[in-house]
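For reference, chains read A, B and C in written order, and residue numbers begin at 1 within each chain.
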Amino acid sequence: MENKRLELSNDQLKWETIFKRLLIAMSIILVLIMIGVLVTLIVQSMPSIKSMGIGFLWGKVWDPVSNIYGAYPFLIGTLLTSFTALIISVPFSYAIAIYLGEYNPKGWLSDLLKNAIELIAAVPSIIYGFWGMFVLVPIIRSFELKIGVSPFGVGVFTSSLVLAVMIIPYAASLGISLIRMVPSPLKEGAYALGATRFEVIRAVILPFTRTGLFAGVLLSLGRALGETMAVTMLIGNSSLIANSFKEAFFGPGNTMASVIASEFNEADHTLYVSALIELGLVLFAVTVIVNLIGKRIITKFTNN
Amino acid sequence: MDARIGFRNTKSILFKSVIIFFAFVITIPLIIVLLYIIKQGITQVNWHFLTGVPKPPGEKGGGIANALLGSFIMVMMASIVAIPVGMLAGIYLSENPRTKLAYYAGLCVDILQGVPSIVVGIVIYVWAVKPFGGFSAIAGSIALALMMLPIIIRSTEQTLKLLPDSLKEAALSLGVPYHRVILKVIVPCGFAGILSGITLSIARIIGETAPLLFTALGNRFLSTNITGQMESLPHVIYNYATSPYDDWHDLAWGASFILLLFVLTLNIITKLLTRKWKIQL
Amino acid sequence: MENTIVKAENYNSYFGDNHVVKDVNISINKNEVIAVMGPSGCGKTTFLRGINRMHELIPGATSKGKILLDGENVYDMNAIYVRYKIGMVFQRPNPFPNLSIYENVVAGYMLNGIKVSKADKDAIVERSLTSAALWKEVKDSLHKKGTFLSGGQQQRLCIARAIAMQPELILFDEPTSALDPISTSSVEALFHELKANYTLIIVTHNMQQAARVSDRTAFFYMGELVEFDDTKQMFTNPKDQRTQNYITGRFS
C-alpha cells in the first residue's frame, strides 16, 4: 500500500516538472510570437526600405502603377483623423469620467451610463462603418454643400466623427477608476475650507489625476491609430495629397490602416506589397509606443 | 460676501449641468446606431436568411448561412488554440510574478494587445497564407487566436492573483502535486473569472474583419473546408456593404443585426460571469 | 530510539540570506503533544514548515541539516510523499470553497486521483469527522459547501481533512489564533483525544495554550531552540533565563 503511494508520488513528481516546464514554454512562446511579429514586419518591409530609404516617410506620391511609394499622404491622414477624433472625444470622455467617478459613482443611473459606455466599445467597428456609410455620409454631404465645400460625404471629417465616438470608452473607463482613486481626505480638506463641488474638482481631483487622465488619452489615441474598418469605409480612399487644409479635412483621404486594408489584396508585385507592409511596420511602431507609454504611466500612477 | 458665494455656487451648478450634458449626450449616437441596425436588419431575418447562401446580385432572397457557419468554425478553431495557451501563460504570470520571463512575457502581452488588427492580418498572411499558396480558414483562425490571447492571459492572471494563497497551501500540504493543485483547485475556484475573460475575447473577435481580410477572406458557398477560403459574419457585412447592389445591402443589414445580437449576448454573459466571480470573492 | 517519530539534526532555515532557524536539534516521540512557543519572528513557524517541506515552496527559501521522519531524512525523500505523510492545519481555516464538506474531507484522495469506493469514502468521512468532533454537527449536511460553517467548525473540518490521510504526525500552525474562545476550547479538547492515535506538534503564540495542551514544550527565541522540556517543568522551573523572561511576560 505504502509502496503504491510512494510510486504515485514519484510519478506525480515527474508530472509536476513537466507541468512547470509547460507553463514556462507557453510564456516563451508568447515572447517568440511577439519577436516573430516584429521580425516578419521588418523583413517583409526590406525590399521597400532598400528601394526608397527613409524618404519613404515624407514621399508625397503613392503611385503603385509607376512603382513609386511615399507614406506622407497616409501619415497626414492618420494624424488628421486620430487627432481630430481625439479632440472631439476628450471633453466627452472627461465628462463621463467626472460624472461617474465623482458626482454619481453608484446607483441605477450610473450603472446604466456605465453599461452604455461599455456597449459603445463592444460594437464592432464594421457596424459603425456600415452605419456611417449609409446614414452619416448623406448628412455630411448636405452639411458640406451648406458650408460650400465639395460634397464628398466621405472623408477625414466623417471618419473622425465616427472614430471619436468609438474611442470615448477607452479614456472614459480609465478616467472613472482614476477619479475614484482620489483619496477622500484630500477632497474633504477642500470642502472643509468652503470649496464648492466645482472648485474641488478643479483644484483637487483634476490635478491629482492629471497624469493618469493623460494616459487615458494616450490609450484612446492608440485605439484611434489602429482603427481600420470604420475608417476604411468612411474615408474615401484617396491617396492624393490635398491642396488646402479645408480640402484635406473635408475631402477623401487615407490612413495607413485604410490603405493597407483596401489595397493589400490587389497588390500584385513585391515592391507594392512590401511598401504596404512597411506602412504596417510604421503603424505597428507608432501604436505600440503610444500604448506602452500610456500603460507605463498607469502602472506608475496605480503603484503610488 | 454672500454675492461671491452665490456666484461660486452658481458656477458649480453650471459646471455640473455641463458635465451631465456631455456625459449623457454621448448615448445618443449609440442609441441611433443600435436602433437603425435593428430597424433595418430585423426585417431581413427569417429562416431562409439564416440557412440560405448568397444569391447572385439581382436575385432576391440570399442568406448568410455560409458566414454563420464560417464564423462559428473559425471562432471554434481560434478558441481551441487560444484558450489553453492563454490560460497556461496566465497561470505562469500569476504564479511567478517576479521572474524575468514574467516581466518580458507581460510586456509582450501588453504590446500584443495594442497591435492593430490589420497588422495581425499582414503577419499571418506572411506566415500562413503566402507559404501555402492561398487563403484559408486556418490562417484566419490563427489571426483571431492571436487577438484572443492577450485578453485571456490578462484575465486568467488577474483572476488567479485574487485567490488567497491559503488555498494552494491547503492542497499542497495534503500531498497534492503542483499541477493538480493548479488544475484541480486553483483554476476551478477561479473558473467564473477565467470564463468571463474567455467570453470577452470571443465577443471581441467575432466582430473583427481586418485580420480576416488577408487570411480567410470570404467564400460565396457554404463550406467546411478549413484549408480554403471561408466566409465570416463581419467580412460578409464588409463585402455586401461596399458592393453596389441594393439587395446585398439588405443582406448586410440583416447580418449586422445578427452580429450585434451575438456581441450583445456575449457581453451580457461576460457581465453576469464577472458579477458571479466578484460575489464569490 | 524506537519511539522517536521526528528528529531534527542541526537543522537550519533561510529566507535568502536571512538565517531564520539556527541549528535546531530536537527529538519528538510518538503520541506526544509538543507545543512550540516563542515571540513573533522567532522562527517557530518556519521550523514547523520545514518538517513537511512546505518551507521550500516560498521563492528563495532554503534549508540545511536533517529532519528525520521515522529514521528517514525527509529532505532525501520525495517532497510530495512527505507532505502526504504529514498532516498540516493552518492558522486560518482553509476548507476548499468549491467543495462540499464531504468532498473536503476526502480531498486528499480525490485531488490526487486516487480511486476510492463510495463505501470506503463514506467510512473515511465518518471516521475523520468523528475524530475531529464534528460528525454529529454536520452529518446531515455533508453535501453543503464547507464555507457555511463557523470558524471553529471550519478548523475542525480542516483537521478532519488532514486526519483522513491517516498521517502519523500532524502539524498545527497557530490553529486557534483566528478563532473565538469557545471554538478555541473545542479545538484544544480535540488535541487531547487525537493524542491517542497521532503525534501533534502545535506552534502557538499563546503561552497558556502551550501549558494547557502539551506534554513537552519547545521554546524558540531568535531562531534558536532555547529550551525543550516537560511542559510542567518548563513553566514552573525553566532552565534558561530567556525562557524565564518569556514566561514572566518580559517580552511577548
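Throughout what follows, a residue touches a chain if its C-beta (ideal position, glycine included) is under 8 Å from a C-beta of that chain, and two chains touch if they have at least 3 such contacts.
A quick note: this is a predicted structure, and the numbers were derived from the prediction, not measured.
Enquirer: Measuring between mean CA coordinates, which chain is farthest from chain B?
Expert: For chain B, the chain whose C-alpha mean is farthest off is C.
Enquirer: Using mean Cα positions, find the chain sitting nearest the overall protein centre.
Expert: Centre-most chain by C-alpha means: B.
Enquirer: From the C-alpha centre of chain A to that of chain C, how far is it in Å?
Expert: Taking the mean C-alpha position of each chain, the two centres sit 55 Å apart.
Enquirer: Please work out the Cα centroid separation of chain B and chain C, and write it as a whole number of Å.
Expert: 48
Enquirer: Please tell me the distance, in whole Å, between the geometric centres of chain A and chain B computed from their C-alpha atoms.
Expert: Each chain reduced to its C-alpha mean, chain A and chain B end up 16 Å apart.
Enquirer: Do you know which chain A residues sit against two or more other chains?
Expert: 9, 12-13, 16
Enquirer: List, in ascending order, every residue of chain C touching at least 2 other chains.
Expert: Expected reply: 80-81, 84, 112.
Enquirer: Find every residue in chain B that makes contact with two or more other chains and list them.
Expert: Chain B, residues with two or more chain partners: 175, 177, 180.
Enquirer: Along chain B, where are the residues that touch chain C in the complex?
Expert: Counting only chain B, the residues touching chain C are 98, 164, 166-167, 169-177, 180-181, 184-185, 188-189, 280.
Enquirer: Give every residue of chain A touching chain C within the complex, in rising order.
Expert: 5-6, 8-10, 12-13, 16
Enquirer: Going by the contact rule set out above, which residues of chain C touch chain A in the complex?
Expert: Per the touch definition, chain C meets chain A at residues 78-81, 84, 112, 114.
Enquirer: Could you please specify the touching residues of chain A with respect to chain B in the complex?
Expert: Per the touch definition, chain A meets chain B at residues 9, 12-13, 15-16, 18-20, 22-24, 26-31, 33-34, 36-37, 40-41, 44, 91-92, 94-96, 98-100, 103, 113, 115-120, 122-131, 133-135, 165, 168, 196-199, 201, 222, 225-229, 233, 257, 260-261, 264-265, 276-277, 280, 283-284, 287-288, 290-292, 295.
Enquirer: Report the residues of chain B in contact with chain A in the complex, numbered from low to high.
Expert: Residue list for chain B touching chain A: 8-9, 11-12, 14-16, 18-27, 29-30, 32-34, 36-37, 85, 88-89, 91-93, 95-96, 101-102, 104-105, 108-120, 122-123, 125-127, 146, 149, 153, 175, 177-180, 182, 203, 206-210, 213-214, 217, 234, 237-238, 241-242, 249, 252-253, 256, 259-260, 263-264, 267, 271.
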